[in-house]
Amino acid sequence: MARVLLFGALRDLAGWREQIFEGVGDLSGLQSDIARLYPDLTEALKGPGVQIAVDKALVRGNVSLSTQTEVAFLPPMSGG
Amino acid sequence: MARVLLFGALRDLAGWREQIFEGVGDLSGLQSDIARLYPDLTEALKGPGVQIAVDKALVRGNVSLSTQTEVAFLPPMSGG
Amino acid sequence: MSVTVQTDMFDAGAQLSAFCHDLPDAGGVVSFTGIARMDDGKTERLELEAYPGFTEPWIEALVAEARTRFSLSAAKVIHRVGSILPGEAIVFVATAARHRRQAFEGADFLMDHLKSRAPFWKKEHGPDGARWIEPRQADYQDLTRWSADHTLKEGS
Amino acid sequence: MSVTVQTDMFDAGAQLSAFCHDLPDAGGVVSFTGIARMDDGKTERLELEAYPGFTEPWIEALVAEARTRFSLSAAKVIHRVGSILPGEAIVFVATAARHRRQAFEGADFLMDHLKSRAPFWKKEHGPDGARWIEPRQADYQDLTRWSADHTLKEGS
């Protein structure tokens, strides 16, 4: 099970902030699941500058996801 | 008449802060007068980084001095 | 070293007073206060969001790097989230160091990274609707000034 | 624009609050506070002197140049004279501008010039006696960073 969080423009595009995805093995599988359920998000999640955090640590490439994992999609950031 | 002001290390060296010099025509003449009366100051007044202000404006080289002139010798500055 | 992400407004001067209160042998203190601009009425409100549990440690790691790199004796960051009106302070950074150049560079480094790397998302609400703000090209260019900074470039 | 040379102590935070109070559409405010260091007991007291009637206009001209050069919307300088104890603030500079880089560079420029060009003389009193402080070599080097700055280099 992965709890998926969307931030910034991604959240507005999806229309949701948080969703639970069941039966997820790795990040690539999760991305496929999201793309199947929400085709509009497919491109955006791969967009330039979108970073991914698994359990609040940034990851690159595919990683396996343990149960009870939090996966956040982070579009380009802007503070201050 | 020129009112001469010394600042910083120059003042400590001279032992005075302010003196009136009478019958002064130009800056070179004033410097000669000071050097005659206070030989210890001769070198210091020409020292590196010593700037001269006449009536609160910095000058370079020799300048003629009107009556009632204020001449300040300004050793290297350090604020903040 | 102190990092705060908060919804409450703050007074930059009061923060600077508190920061200066107990600085062991610092020669220079630099502060930066970022203020929401009105932009001739184009901005009515900013909406800022963080990722709780991710944003704070990210800033803490950034501050730790700045302390080492610029020999800071103290550093402080306050960043607001939530709804922010023009004229209100969004971010406050203060640095203290033995010499002024270190304090200046430390604050500058922190702001450059907060502006275009820190995990915040900013939405601008104006008369023509709302839009998400991404860093300007100038913000990304500012980052290249700290190019020895490999760790943070990797985004951690 | 405000320049003050004073013997009284001041609170940097209170000055920053006052400075921030009415800033038309500034996006960034930078402050620098210079503090007298103890230097492990080597400094017991600083004695700072200005040339009244000369020092204030000199700083005002410097601030005017900074405002133009860095598009500052506001700038403020407070510089103390007289007897100053370790831990006390000596100088305070604040700058406001539309973008943060301008505010940072404006404050940095002002401090580099105040440190090694402004008409102040500083004597350090310690257990081994008193000595006049001249700018460090690093201070003069800092000045070269602003090399387009011909007017001030000529010492006006």
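By written order: A, B, C and D. Residues from 1 in each chain.
Everything that follows uses one rule, which is that a residue touches a chain if its C-beta (ideal position, glycine included) is under 8 Å from a C-beta of that chain, and two chains touch if they have at least 3 such contacts.
Just so we're clear, the structure is a prediction, and the values are computed from it rather than from any experiment.
Using the contact threshold fixed earlier, the set of chains in contact with both chain B and chain D is empty. Averaged C-alpha coordinates put the centre of chain A at 26 Å from the centre of chain C. Between chain C and chain D the centroid-to-centroid distance comes to 24 Å (mean Cα coordinates, whole Å).
Chain A and chain D, compared by their mean Cα positions, are separated by 49 Å. In this assembly, the C-alpha centroid of chain A lies 74 Å from the C-alpha centroid of chain B. Multi-chain contact residues of chain D (touching two or more other chains) are listed as 34, 100, 111, 115. The set of chain B residues touching two or more other chains comprises 80.
Each chain pair that touches appears in this list: A-C, B-D, C-D.
Residues 11-20, 23, 25-35, 37-40, 89, 98-101, 103-104, 107-108, 111, 115, 138, 142 of chain D are the ones touching chain C in the complex.
Chain C meets chain A in the complex at residues 34, 48-49, 51, 53-54, 57, 79, 90-91, 111, 114-123, 132-135, 139, 155-156. Taken together, the chain B residues at the contact with chain D in this complex read 5, 7-9, 12, 49, 51, 53, 56, 58, 72, 74-80.
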